[in-house]
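Beneath this line is the structure, given in structure tokens, with notes to follow.
Chains: A, B, C and D, in written order; residue numbering restarts at 1 for each.
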Amino acid sequence: MSAQYFTGDQEFFTGIGAIRFEGPRSDNPLAFKFYDPAKKIAGKTMKEHLRFAIAYWHSFCADGADPFGRASHDFPWNHANPMTAAHLKAQAAFEFFTKIGAPYYCFHDADVAPEGDNVDEYQKNYWEIARIFRTLQDKTGVKLLWNTANLFSHPRYMNGAATNPDFNVVARAALQIQTCLDVNVFLGGEGYTFWGGREGYMSLWNTDMKREAAHMGTFLRMARDYGRRIGFSGAYYIEPKPMEPSKHQYDYDAATSIGFIKEQGLEKDFRLNIENNHATLAGHTFAHELQVASDAGLLGSVDANQGDAQNGWDTDEFPCDVYQTVEAMMVILRSGGFTTGGLNFDAKRRRNSTDMEDLFIAHILGFDTFALGLTLADRIISDGVVDDLLAKRYSSFDSGSGADFEKGKLTLEQLAGIGKTAPQTKTSGKQEYIQSLVNQYLFG
Amino acid sequence: MSAQYFTGDQEFFTGIGAIRFEGPRSDNPLAFKFYDPAKKIAGKTMKEHLRFAIAYWHSFCADGADPFGRASHDFPWNHANPMTAAHLKAQAAFEFFTKIGAPYYCFHDADVAPEGDNVDEYQKNYWEIARIFRTLQDKTGVKLLWNTANLFSHPRYMNGAATNPDFNVVARAALQIQTCLDVNVFLGGEGYTFWGGREGYMSLWNTDMKREAAHMGTFLRMARDYGRRIGFSGAYYIEPKPMEPSKHQYDYDAATSIGFIKEQGLEKDFRLNIENNHATLAGHTFAHELQVASDAGLLGSVDANQGDAQNGWDTDEFPCDVYQTVEAMMVILRSGGFTTGGLNFDAKRRRNSTDMEDLFIAHILGFDTFALGLTLADRIISDGVVDDLLAKRYSSFDSGSGADFEKGKLTLEQLAGIGKTAPQTKTSGKQEYIQSLVNQYLFG
Amino acid sequence: MSAQYFTGDQEFFTGIGAIRFEGPRSDNPLAFKFYDPAKKIAGKTMKEHLRFAIAYWHSFCADGADPFGRASHDFPWNHANPMTAAHLKAQAAFEFFTKIGAPYYCFHDADVAPEGDNVDEYQKNYWEIARIFRTLQDKTGVKLLWNTANLFSHPRYMNGAATNPDFNVVARAALQIQTCLDVNVFLGGEGYTFWGGREGYMSLWNTDMKREAAHMGTFLRMARDYGRRIGFSGAYYIEPKPMEPSKHQYDYDAATSIGFIKEQGLEKDFRLNIENNHATLAGHTFAHELQVASDAGLLGSVDANQGDAQNGWDTDEFPCDVYQTVEAMMVILRSGGFTTGGLNFDAKRRRNSTDMEDLFIAHILGFDTFALGLTLADRIISDGVVDDLLAKRYSSFDSGSGADFEKGKLTLEQLAGIGKTAPQTKTSGKQEYIQSLVNQYLFG
Amino acid sequence: MSAQYFTGDQEFFTGIGAIRFEGPRSDNPLAFKFYDPAKKIAGKTMKEHLRFAIAYWHSFCADGADPFGRASHDFPWNHANPMTAAHLKAQAAFEFFTKIGAPYYCFHDADVAPEGDNVDEYQKNYWEIARIFRTLQDKTGVKLLWNTANLFSHPRYMNGAATNPDFNVVARAALQIQTCLDVNVFLGGEGYTFWGGREGYMSLWNTDMKREAAHMGTFLRMARDYGRRIGFSGAYYIEPKPMEPSKHQYDYDAATSIGFIKEQGLEKDFRLNIENNHATLAGHTFAHELQVASDAGLLGSVDANQGDAQNGWDTDEFPCDVYQTVEAMMVILRSGGFTTGGLNFDAKRRRNSTDMEDLFIAHILGFDTFALGLTLADRIISDGVVDDLLAKRYSSFDSGSGADFEKGKLTLEQLAGIGKTAPQTKTSGKQEYIQSLVNQYLFG
């Protein structure tokens, strides 16, 4: 039914109903122009392909504050009593999930409940909201894509969490991880994410990088084993980010994280959660990071946002560049699509997008941009022109000595012997031709 | 003896004798101010520690041309007949090595001899110069730190060498590698370097990154095996660089290259050759890249130069920032110093440093900057203050539960149990204090 | 007539005729998909709006060489005799201009004729080709958008041209400028460009920036006056670029260049030639630089290309990002369109785009990308939705005290008095809404 | 006298007395190693040269929070009652000023007093603290280098202050500026700074840059005139910053700001306040920005800090790189030294430098680093070797035709005539030689 969305006792986003697909000519800011959830593409609906998730922190916690300014967003669920606020926020969140039509959500422990003054309060508050979440999940069908522990906001983690030079802090982090995994299993989470917000250094002068990396490995193995023991069968994710808030973060980029995962023996359980803005901060494109992860068989999930090429920090903007989502969806489709993962909008409306409807508009922008990405990527793949060019380009390795080389059957002498007489032809890379084709797919 | 340097029939750097140490007050531009080769530091001479090498390409081939301008440097050894020029250049090079007092040199095949019109000429010319090199090595005692194959300048490699989509080009690259390894063994090289100048991509749209990476792995294993068969017992080096000339290079940085080395089973034979300017292009510091390599047990050699923090390309300047060389030498000393590797000046005098003496002055700058780095790094290490701070910072892992954690003896539940009651203290990282100490060591 | 293009005695681009518009569904790589020259938009044809020009240097001189590799492109007009080659190249160029359908071209003196061994040869060779150009212009109707002096490739300019510390070099540069202006007037050029390729510094330590800037100002005033005396009535352009080849270039960006132009009293005669890739190297967007120039009334012409957000040097790619051309064309249309200026493709096909047809394909990509930009920008402007949002946003300054403020009629006390009681409302910037609208225009 | 420092009723930095010079061998973290306030250099004491100022916001307000974490620094002056806290903070600040020995301080209105719920409270609170400041100034001799209005933290300024699209917000900003100027005159401030923290844009799509820039100009002229009317005779400063928090800030860099100042007719009253970290964010060096300001006669004051070359945001670190302070002090000394301006430490101890003594240690680091900069810059200038090289480099303009050129006495024809025969010599820039000299001055 069209108006099918959840509200608790209080409706928070009044005047806004379920967001519907109205097509590209619609002038309704509160409608999808390109995201048609039920539309089938390559055997699945858009909704099944894209597996959108809403980020609790950006959408219901982030108040527009930045390093130079305080909160600009008012939330009607904020309340003098923090636990009351947490309850109301949970209801507002599920109202939003169902109005926007997102099948998934993601959260940090610190997003959903006040941490209280001690460990007991932390756990008590957290579980209280977790139970509400389960009720709301049951009511709405919305599911948990992943949760995670916030091991970076509290000053106790100022020197790191798993990599903290103080063992006591490492132990305290373990308690948070344990609780988060318990909650995850309770909520039937499909994944669990590690973002090492302070796992890195501010200065090499006071850092034993080797020891810290070993600690992180040990810590993750312990967490993995615990999760498996309590019945967590989903994917663990590492989320690469090169820097910020630390000068250097250990999970710098996909390649670095893959090296770490393998070095630490985590490759059976861990996948990568790739974020566009983290990719560009690391000097890569979004597509590159996805491809690196995919090539290693470790592409897990995506933090869907967009950075600013002129700004050197994590701007976490809603995706609006269709070139980027086309390239991303090409990698995702070619790698078989998401299994446990999805597209989590780790994106925040701008500080000065202060209308409550902007929260919807920003997500509509994100949904539509990825829907265009999916549609166009599928068209490019289905047509086969680009894939044929690619296959042809490497065809000398499909048979004969080229195939022998690929199989490792040649010695260097044999290969050099071939090289002595093999004709050396210049074969154009045809980059501008492919770029023209892409624009035809996008604008033709 | 003061005049102890080699000249062939013709002296090329006339008016310039052997460069000597004259101390920090000398106003002689053609003297060392800080590099005193025989001075003992921590049980070895400066010369033994630093193992300086001269880069043939920058010093005797690079003519000052850049993307916007042609040659500005005139070389007296250039000659209408390319092989005559190659002969004279070899003599000029050894004259320079001995006058500047460098114990090592490094070269690409393409630097030393004209490649000719075909494979036979390539090999003939190359071997002719190789025999001259051996004679000159014997005469002077200068040794080969490493050589390498230039697999990026010729247009046949415009789409890559080992990663070229055309098998014939891969085979042609193998022939060059084979020849270079043969020459290396003939000259008693202590290492062999792979710099994948075009091993990367210009556009992901026409690239099968996974297949290319697999080819590169196969190729390197073949090269390794060949080298070992013909008696090469030194270290193979991979030299990380993130980009340029390609949009993205596969050996992006130390972490990426280490992941690749291990994935491909090359870790027993391969080490990293870390370049400062490549580190900064990849978004890292020089010290970071050295430390990453060292932590993995894979620090092999160093391309000693310096980039420009405001310029996004490889400026390959001579090192002049003592902070950077202190940090670098701290890592190198702590990791036990060089074995097969050394400090190769992959640096070029500026295009407008057109006096012939500038070649000497630029190297003197580089030698002195690393000599200061060595002297000051040794002082910092010997004093122990910084190391004590570091040890103390991690001391909670030296015994008790912290040590158990490090040994992997704890479960997450046990660790979390400790965390439940462990006191959470804020311990200052003391960054500004250490920075003050460093300035005391440098300027006190 | 469809096949109407020029060929000299020899046709160089055989098998390729005049490029025609075939529409977005065409699978002919050698046809325009979006650029329909005769199509009317806002009262002018696409051709009249866009005023495309071909860059002689990239298209007929640049051979694919880069800092790490030599020429990969073969040109059939290259010839042992340099003047013969120059003649043939001129014919090939006009063949290309007419086949691709470009109404304009641009060149450096060094592109078109060998500079010879002395000043007389330089001028003789240059004039010989200039006379050929005039004949070819008359035959084909192709016109000169602008020419310029190459004051950066010859080693004499290694320390700058107008800013060289050696007066003799400054004087030599003047001779080149004088000749180029003479040739410009002879060819009826609509503009004349100054790109200060080496007007900047490598190191502040050896540079008197103030004196150099004053020299540049004096030099440009002299050039301006000379041009006016000999009848040049077009626009002079300064082309901002922040760095490369120098560490820092004086014409850093639009704002810096505007400040210089006004400081030096050049604002009546000089305009800016904005290049996309230079904009991004300077930390700006293309649209930003165009807007800054437009706001100052100094937007003159455009070097149409595209950079790579991950690479810190001038990659000079053909434009393929339609977002960027839409934004650019919005500024250009709003500023009234080009008068003397145009869209000059300062872009080079990739080093590995080695098929001769790639030269056409790359330009087709560029033409189409800007045609899309024009079409979509016009649609956005015509619809008025975005402009209405903008007008409304600033409407408080259209009347009352806001208008008084704009006219400078208020004192600070009066303004503060208003501020004491003025209601402070948070008005959303609606950024995501506008981004959604833009995607509707582009993909709807 | 050794114990000569101010404390109010409560001493906040207990256990720490006045910081004294103990020389480079001291192992006392709480002593100056290189800053000897009374030491004479070039006719003035170090204290008189450097005119250090303490930034109220970083030292007494910034609590270690960053975009990913909350406060890590505890301040003993924080108090449930905000005005009580403001009183105590003022006393703590002057205790710190006198203990560290800084002759100056700087503040924003928002740093020193709670802004209250309305304009009246804002002014009442502000004046209450201003009166305390005057008393403390009289008691201690510490003076106000400059104050400024915080027009970026409050959400009302989320779309800018003087450039806000809503006139009412512009008016509200005027009220703050008026009050700040009134307070400045009351406290005898030597300067007044404008930092346009939100004067810029988040997106060009919703921005009328030309209108906003005009508003800013009008606003500043009004503020200037008001200040002069009430007796402010010091310098007004604009502080360039390229971005953050906005995508693009109008006062991008020194050159942009100078262009704006002149365009708006502000050059008699305004000077630049140059910040190192802002310089590097804009793609420049600190020295470059200082030199640009100095060349325009507009160098006013300095925000003394340091950025991180690997991080793309304002890290505001305490200066520790002596190369940078040497270069900065060279420009400052050559331009005649500070008049109204000084070195304000716009720097914050790291988030994890949580010991109260770290506030002292960080400032000691900053004082010492600039003291080294001053000492070494003076030595380089006094020796004259570098200046002689520079003078010689440009000597061809000191007489003859070169001098005529500088005076604008030549036409292009005359200059070109000289160029026709003038010998073209390659003169080395001697960059590496000068870099060697610099290291001799620093480490010799």
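The rule we apply is simple: a contact is a pair of C-beta atoms (placed from the backbone, for glycine too) under 8 Å apart; a residue touches a chain by one contact, two chains touch by 3 or more.
Source: prediction; values computed, not measured.
**Q** In the touch network of chains, how many steps separate subunit A from subunit C on the shortest route?
**A** 1
**Q** Which chain pair is joined by more contacting C-beta pairs, B-D or B-C?
**A** Contact tally favours B-D.
**Q** Taking the mean of the CA coordinates per chain, how far is subunit B from subunit D in Å?
**A** Going by mean C-alpha positions, subunit B sits 39 Å from subunit D.
**Q** Please work out the Cα centroid separation of subunit A and subunit B, and write it as a whole number of Å.
**A** That pair's centroid distance is 37 Å.
**Q** Can you list the subunit C residues in contact with two or more other chains?
**A** 72, 155, 158-159, 202-203, 243, 248, 283-285, 310, 350, 352, 354, 426-427, 429-431, 435, 438
**Q** Quick one: in the complex, what on subunit A touches subunit B?
**A** For this pair, the touching residues of subunit A are 119, 155-156, 158-159, 165-179, 202-211, 213-215, 218, 221-223, 225-226, 242-243, 248, 252-253, 255-256, 258-259, 262-263, 282-285, 287-288, 291-292, 295, 327, 386, 389-390, 393-394, 396-397, 401-402, 405-406, 408, 410-413, 415-420, 422-427, 429-431, 434-435, 438.
**Q** Over in the complex, which subunit C residues touch subunit B? Could you list them?
**A** It comes out as residues 64, 66-72, 152-155, 157-159, 197-198, 202-203, 243-245, 247-248, 281, 308, 310-314, 350-352, 354.
**Q** Show which residues of subunit A lie in contact with subunit C when the two form their complex.
**A** 24-25, 29, 33-34, 72, 280, 283-285, 309-310, 318, 320-323, 349-350, 352-355, 358, 361-362, 364-365, 368-369, 372, 426-433, 435-436, 438-440, 442-444
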